[in-house]
Amino acid sequence: MTNLLTSLLYEDWVLHALIWLPAAGLTHVLVSSADRARHIAFAWSALVFVLSLGLWWSFSPGDGGFALESSTPWIESWGVSYALGIDGISIFMVLLTTFTSAIAILGSFEYIKTRRKAFYALMLLLQMGVVGVFLATDIFLFYVFFELTLVPMYFIVGIWGGERRIYAAVKFFLYTAVGSLLMLVAILYIYFSSGVDSFAYEAFLNAELTLREQIWLFAAFALAFGIKVPVFPLHTWLPDAHVEAPTPGSVVLAAVLLKMGTYGFMRFLLPFFPGAVQHPTVVMVMLILGVAGIVYAAWVAAVQPDAKKLVAYTSVAHMGFVVIGIFALTLNGLQGGMVVMISHGISTGALFLLLGMMYERRHTRLIEDFGGIGRAAPLFATAFVITALASIGLPGTSGFVGEFLALLGTFETHPVTAIVAATGVVFAAYYMLPMVQRVLFNKLDKPENRTFPDLSRREMVILGPLVALMIWIGVHPAPFLERMEPSVQVVLERVEGARPVPGTAGTPARED
Amino acid sequence: MTEIVFVLFAVVAVGGAIGVVVGRSPVASLLSMIATLASVAGIYVLFEAHFLAAIQVLVYAGAIMVLFLFVIMLLNLGHDYRADVKYGLWYLLSLVVVGLTAGALLQGFMGTGATGVRGDGAAAAAAIDAVVAEKGVVGAIADPLFTDYVVAFELTGLLLLVAIVAAVVLAKPRT
Amino acid sequence: MVLDYTSSFHYVLALLPELVLSAWGMGVLLVGVSREQEGGGGQELGWLALAGLAIAAVANGWLYSGVTEEGATAMIAVDRFRLFANWVFIIGAALSIVISLPYVARQRLQAGEYYSLILFAAVGMMFMASARDLMVIFLGLELMSIGVYALAGFNRRDRRSAEAGLKYFLLGAFASAFLLFGIALIYGAAGSSNIHAIAVAVQDGTIATALMGPGVALLAIGFAFKVSAVPFHMWTPDVYEGAPTPVTAFMAASVKTAAFVAFLRVFLVGLDGLYAQWWSILWWIAAITMVAGNVVALVQSSVKRMLAYSSIAHGGYLLVALVAANDTAAAGLLFYLLVYTVMTVGVFGVVIAVGNQTEENSRIEDYAGFGWRQPVLGVLMTVFLLSLAGFPGTAGFIAKYHLLLGAAQSSLWVLSVILVLTTVVSYWYYLRVAWYMWMKEAPETAGAGGRITTPFATRVVLVVSVAVILLAGVFPGAALDLAAGSIDGLRDLVAGSGVAAGP
Amino acid sequence: MTGVGTAESAMTALAGVLSPSPSAPGSASGVAAQAAEQWEPLLPGLIVLLPLLGFVLNGILALWAAGHSSAAVRAGEEWNPFAGPSRPRTHTLPTLIGPGVMLLAFILALVNFAGMPADLHDPVIRTYWSWIATDTISVDAALQLDQLSMVMMLVVTGVGFLIHVFSVGYMKDDQGYPRYFAYLNLFVFFMLVLVLGSGYATMFVGWEGVGLCSYLLIGYWFSDRDKSDAGKKAFIVNRIGDVGFLLAMFLLFNNFGTLDFGPIFAGAEGQLAVGGTTVTAVTLLLMLGAAGKSAQVPLHVWLPDAMAGPTPVSALIHAATMVTAGVYMVARSSVLYALAPTSQAVVAGIGVLTALVAATIAMQQYDIKKVLAYSTVSQLGFMFLAAGVGAFTAAIFHLVTHAFFKALLFLGAGAVIHSMHHAAHHADGHLDEQDMRNMGGLGKFMPVTCVVMWIATLAIAGIWPFAGFFSKDEIIWYTAAWAGAGSNPFGTLYTVYWAVALATALMTAFYMTRLMVMTFHGANRTGAAGRSHIHEAPRVMTVPLIVLALLSVFGGWINVPDALQESFAGLFGVLPMSEWLHHWLEPVTHAAAQIQIAGFGEPAHAAPPGGGEVAWAMISTLAAAVTVAVAYRVVGTNKYVPAARDPGPAGVLRRAVYNKWYFDEVYDSLVVRPLLAASRWCWKVIDTVVIDGFVNLTGSFARLSGWTMSLFQTGQVNMYAFVLTLGVLCVLGAAVFLQ
Amino acid sequence: MLTQALLLSGALFVIGTLGVMVRRNAIIIFLCIELQLNAVNLAFVALSRYTGIEGQLFVFFVMTVAAAEAAVGLAIIISIFRHHETVNVDKFNFLKW
């Protein structure tokens, strides 16, 4: 495989292709007819996914640094370059993106009935933006992609969403924008502190910041990423966005967009501000927020009448595990966080697809409108149960590996946090099982549910790979863990190795 | 002597200005305005700006104010004796704001005199007087007008053209 | 070629674009008057005016291609700063004329006067950019203003237009008086109205400080009025709403640009040495402008009025560049103005299209479902709005980022934060238009409006504008270099001082 | 590598994993690893894999079958769980696959058992692939064979096989037949992972996996809301325990850097202080896990509800195997517990308390399965008591015998229910097929069932020479013996335990006899219509019952204590396998025993009130026998009426017992409802009002301030001039006064 | 003398400002603005005694501007009068908020 890839000069073009092929697909969709838009879009996203698969072989973890790097000057006067690269952290995010995008597009075939061209064009634009976020090694470029993802999502939610779609779309947009724009100011601060006219990742790493500065900048970055994740008190956009979004939107939102936040934590927050990250108060705050997210979101999820909202809240809970894993600042925690990210992308994505299928069939998302579906649609029920179990982290599924490592890593440094977080394991059952029961089990007492069709062949094709992945990662996560380990190690070493620079760099020049 | 004349003119000017603001009819305001313009012209004379004083009276008080009067008559506003000054709280508030603004200006201007302006007052005045003596009242102004400030001068020409065009366009009756 | 102004002919050369445009304006006027038509048609006059702008652009290009001046102290500056600004004016005027073409025809306005007034106003703007003398700035400003007063009230059949004209005129004249008073005081304090001389006097310390304080303040107020900075903005929404839409576009884009360019030259060149005295005033004005402009825009139901408030807010962002007062910020200001001109005129172009060349359909509800009815215009509008909002991928982002860069360079962190937070506020009302266009269904009664027809030329221009916005959003390098190059040497006027440079 | 090994490698490769590699069990193995090298276990991976294979095959069949039945549902037919067509693919194949894989697994287990050297000191570990591995932690997917896991494996596969066979008859008419076997096979797979896992992490996989299967099987008839509720309850309560398990693992990892049994147990004595905080915490947390899984007070509430599942499931999961996983885990961690005397006291205390509470409840239940369920809880309590007092062998011994007789009881009850079910079909009105008040006199109709159940009853009651006698007696004796140990700090406490245990044993005899009498003796209360349909179970069900009955009789003979060997209990020396199990498990429990003796001193040779082992064995069996006889008389003279006409128990105490000491109600009002209320409060108040309120308020505030500011925009020139001048004033003032 | 002249200029200026704020008649408002311009002219003349003849030149320009403004302004007033039959600026509040 590797030889084949090498012979194709795969490493030279793949990263660019991953970003720009969706753009080509977007154009293609726009010039095609509305009827064929979905097939074209799927073909392009499938192509991108197949191409991205090569990374699995082509990427070797090495020393944890970036691989397949390329950098072209973009805005030279500002030191901005079009710089891409991939490491053990981003490779999984990229694969997750290409994978779920293709799945989401396939899953939207029946769901999206109007304005298809626009929809698929936006989906491809979204994919392009997200892949860009994960591949960019230039902060400016990263920021551009980071923001770029908002627009397609805004329209996807706003146009194809449910009743309160506009409220949800705007809330999503504004919430996220607040954070990211403040981050932009922080980015500029580092840019001027680094003393190098460059937005390159390496240059930012070399910026000398005092502890005080680091904490402020940390706050700005953490706000931006924390909203995206979302971390506990900043999460209220998520349920609304999820509930209103059309299925494919929810899938991509849950599977990938949220990961941009935690990815940001790992990629930027930790390495840029090692001093702040090690500050006990900062760590405590982040851990408390993470734990609060786990418990609180689980509680709130448990009493949701709307299945989609329930799953949306579970995302908050899951991401809480990622947050504590990251801020435990241990290898296991970080790796666990990574695995939770992947796992959550797959299982929650699948859950949203399943809920979408339910909605397509019954045009309701209220749990109480279902019941006994397991009788009418056994395949559906099977897929649903497996996915739900993966979501609550049953051993043998992907969810367990991640949560186990994250909790283990947290326990190493912050036992109390881990103890409280571990109750999330119970609460996961507390919110998920009643939903499963009320949807799939109980008496099939509503006549309209009797004719609930079982999975179609297309739907099986969609869910099959997801379920397979859940189990694969749960049973044999080693290929994942070993690929990410060096890069995670690098992040950790950076945090542990650095001490804040003393001095008063960056005092205001003119505004004293 | 000059001071007394100045004060005299100043009092008339300010009185006229107040008259403009409180005048009951537009015509009354206009006449007060002319009084102000005339006394300001007098002050120009005190500052040895004889040509400007003349222009002030001829062009300003003469032509422009007549234009105003003409419009007032055109619109048949001459007999409008309804007081259109907004008295009451609004007036009070405006007075306060204006008074405070005046205070700020006063504070700014009090320090003038010796150090308020750049350059030596006596020397500059002497230089002006010399130029006036050499080129005449009109020539002293005309010379820089057509040399150093020729661009500005041409610009005023364009300005007037635009004003005419604009006035023609706007004042045309509706069709 | 180096101009030294010892020969009057060199003035002619230095003012070539202005002269061309003035003459052309007169020509358009004459052609228009000679044709004796009242309303209707007149498109060819528009094209004629565009040709004049093209020639002025050529002249400007010639100046840009390497003509310099001796000494850099004369009344008329021949520097790239001015020439860059001229480009912006020409683009602004040209785009405004293009979106005017069908409007003027449909509204049966007097085309000859209309287009010539635009050209004359553009000349006034150019003078504002080129003037190195406060008095010339004032005259240029009046030339521009008088033209725009007339344009604002141009539609005599529309009482809103007349009202806009009156308000603009009264308040504009009122503010001019403050500006003039400021000029007088500075003239007294510095002994000259030449910006270079003022800068030198400030540098020497020979300036008389007593009058300088109020002088600078009044000058700032005068400019602040023209850039519609809060609290001198009160006229803006009314005038923007009442004026014929293409004029609104022209006002929002070019008038503001001209005022900012002059503002920049006066404050960052002439009064740079007094930075310590004026920065805090501008700081507060900038902050209040950003906040008030954006916040009030939230509650507008008329798109035109909303855009008026949005333009106020943009003025606030631009003021940040003045507060930052460094080369980066200055270049950012120029770049922003260029981008802002294109997107503002563009957005008003779509507003005109939605209004079907009238002043109707300007309520936000009228945009419901518009995007799906007119996908091309809808997409264009969306891009314009995103660009106005400063969203990545559009030139608006690069421009706003440039301003932030300048602010950051001067460590204006609080102001930067205000800028970004108010930007978030602005997202709401820009997105609101987008959500009406794409996410709401058109009301059942919408059939009354009928098909919206937009002339081919307008469409082409709008598409090109969008292309430019996107291109500059993705590959801004050349434009940025151009803007940065336009600042080169601008603030080094005061030889050997070095105070002009930012931190 | 032998050919067998190659075959095994091929099998595991089939599963898509790395080939197995024998590895030394941790650092402390040393020279002793040689012994492991000499013994090559036969395809241990296959033993585990077979049930999984069964699950996959049955699962496919289940989906296929479900597709058909769901088509019927869509067509509008009412769901009838017992109307399944007996097609080859939905019936014959699962019948072959389900019990078939179990049989193969059992045979393999037996072969391994036979081949296992008695002197094997260190466990044999088979590593298949690296499961979770980072720089600091390495968890392998590995199986560990030693004496303890061997016993458990035999119980699981053996009893499991019998129950599978029984199920063939019991579930014959169920539409979800293949699904049932799929779940059952999956359960066995996870159970085997649990008992064979080479470390806590692997064990945890099985631990949660069996929980999952329990959930699925309890809610097997998921259309019934109560049944799926019960499944859910079981899962959630189990998960509470699992948190303890998880935390214990974390704590262990922090101290040992590994989760494998070998290194932890080898290093425990050196690294952890006796009675230290860490080891106490670890063991208590593990105990929490065990309590969840093994239904110990206060986490016992799920088990009685779990009776909602098919009865064979109750037999397999909720009697014989899964619920004993906690005991297995404590026994497995014997070294750690030995190091933590406090935890031991707690474990024993919880055990004895559970035994007592459950036994009392069992005395007042009418549902035949509920009685058995509480009986199970009670017996599990005995096992914990054993583990708590350090008699790990006794715990495992009781686990084994309990697996026999309790499985038998449940299956017997299953046969009764099966029969009653047919009767219920024909009865007038509603007839609860599990309510013993509706039974009575069934012995006439179901003689085989009656007999085997009496055997099991005698066994559980502790009557010599049945299996239960030996195991229970050993527990009680060890409690007494350790209570009297020289330096046991909890001596008095142990004495109390002993007394309570003794009393509980008698209660066991009582309620079991009550069950038997109410079910099989006296007059029949089923009603005439139903009565004629009561019949003996088919052979496929009775054969496993008979096998289990034999085991219940003789199963106890594998561990006759040395002290009793020569007494009546050992038939005066006739019984052959004196303390066989004890010796067999010695390699596993030896270390713990050493530590315990070091800490407590030698166990006493007399019970607290005096008297040796033989004497107390005599006393207990006689007392039990008397209790059985008395209960037979007392219960037999009671006049029971059918459930429909029974007003329920009278009197505060009886009612409290009947209502299970109100555990469920207390939990409901103290935990469930407050939690739900808190959740709702979080949602409605914190999320909606506070956070979203703040967010929306920000927006509203912005709009409000915008609106306020726009009020100045009156459209009047004077106003505008005024504001402008105000601005002038501010700027001018600032410029003039603030310079 | 300069100070006094500037003070007079300032006084006239603020009186003009007051007029703009309190008068309703558009023509009078405009007249007040003219008053302000005049005040500035006075300042220019006074300052020119100290700084040179340009000050007087500027007055010249200002007068031109005033004339141009007068032309345009009065035309606008006439124009709006045709709509409203009044020059009361309070009536011109169709555009607001």
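Letters A, B, C, D and E name the chains as they come in the text, with residue numbers starting at 1 for each one.
Criterion: a residue touches a chain if its C-beta (ideal position, glycine included) is under 8 Å from a C-beta of that chain, and two chains touch if they have at least 3 such contacts.
None of the values given here were measured: they were computed from a predicted structure.
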Each chain counted as touching chain A and chain D at once: C
Reaching chain E from chain B through chains that touch each other, fewest steps: 1
Winner on C-beta contact pairs when D-E is weighed against A-C: A-C
Identifier of the chain whose CA centre is least distant from the whole-structure CA centre: A
Relative to chain E, chain with the most remote C-alpha centre: D
Chain separated most widely from chain C, comparing mean CA positions: D
Separation of mean Cα positions, chain D and chain B [Å, integer]: 102
Where chain C and chain D are represented by their mean Cα positions, the distance between them in whole Å: 78
Centre distance in Å when chain C and chain E are each reduced to the mean of their C-alpha atoms: 25
Distance from the mean Cα position of chain C to that of chain B, given in whole angstrom: 31
Residues within chain C bordering two or more other chains: 135, 139, 142, 146, 149-150, 153, 156, 165-167, 170, 174, 185, 188, 191, 213-214, 237-238, 428
Junction residues of chain A - those touching two or more other chains: 174
Set of chain B residues in contact with two or more other chains: 86, 90, 94, 97-98, 101, 104-105, 108-109, 112, 116-119, 148-149, 152, 156, 159, 162-163, 166-170, 174
Which pairs of chains touch, using the document's own definition: A-C, A-D, B-C, B-D, B-E, C-D, C-E, D-E
Touching residues (chain side chain D, partner chain B) in the complex: 718, 722, 725-726, 728-729, 732-733, 735-737
Complex contact set, residues of chain B against chain E: 2-3, 6, 10, 13-14, 17-18, 20-21, 23, 26, 29-30, 33, 36-37, 40, 43-44, 46-49, 51-52, 55-56, 59-60, 63-64, 67-68, 71-72, 74-75, 77, 80, 84-87, 90-91, 94-95, 97-99, 101-102, 105-106, 109-110, 112-113, 116-121, 124-125, 127-128, 131, 140-141, 144-145, 148-149, 152, 156, 159-160, 162-164, 166-171, 173-174
Contact footprint of chain C on chain A as seen in their complex: 74-78, 115, 143-145, 147-148, 150-151, 154-155, 158-159, 165-166, 169-170, 173-174, 177-178, 181-182, 184-185, 188-189, 191-192, 506-511
Chain D contact footprint on chain B (complex, rising order): 86, 90, 93-94, 97-98, 100-101, 104-105, 107-108
Contact footprint of chain D on chain A as seen in their complex: 171, 174-175, 233, 235-236, 239, 296, 299-300, 302-304, 330-332, 335, 372, 374-379, 382, 389, 394-396, 400-401, 404-405, 407-408, 411-412, 415, 418-419, 422-423, 425-426, 428-430, 433-434, 437, 440-444, 450-454, 475-478, 481-482, 485, 489
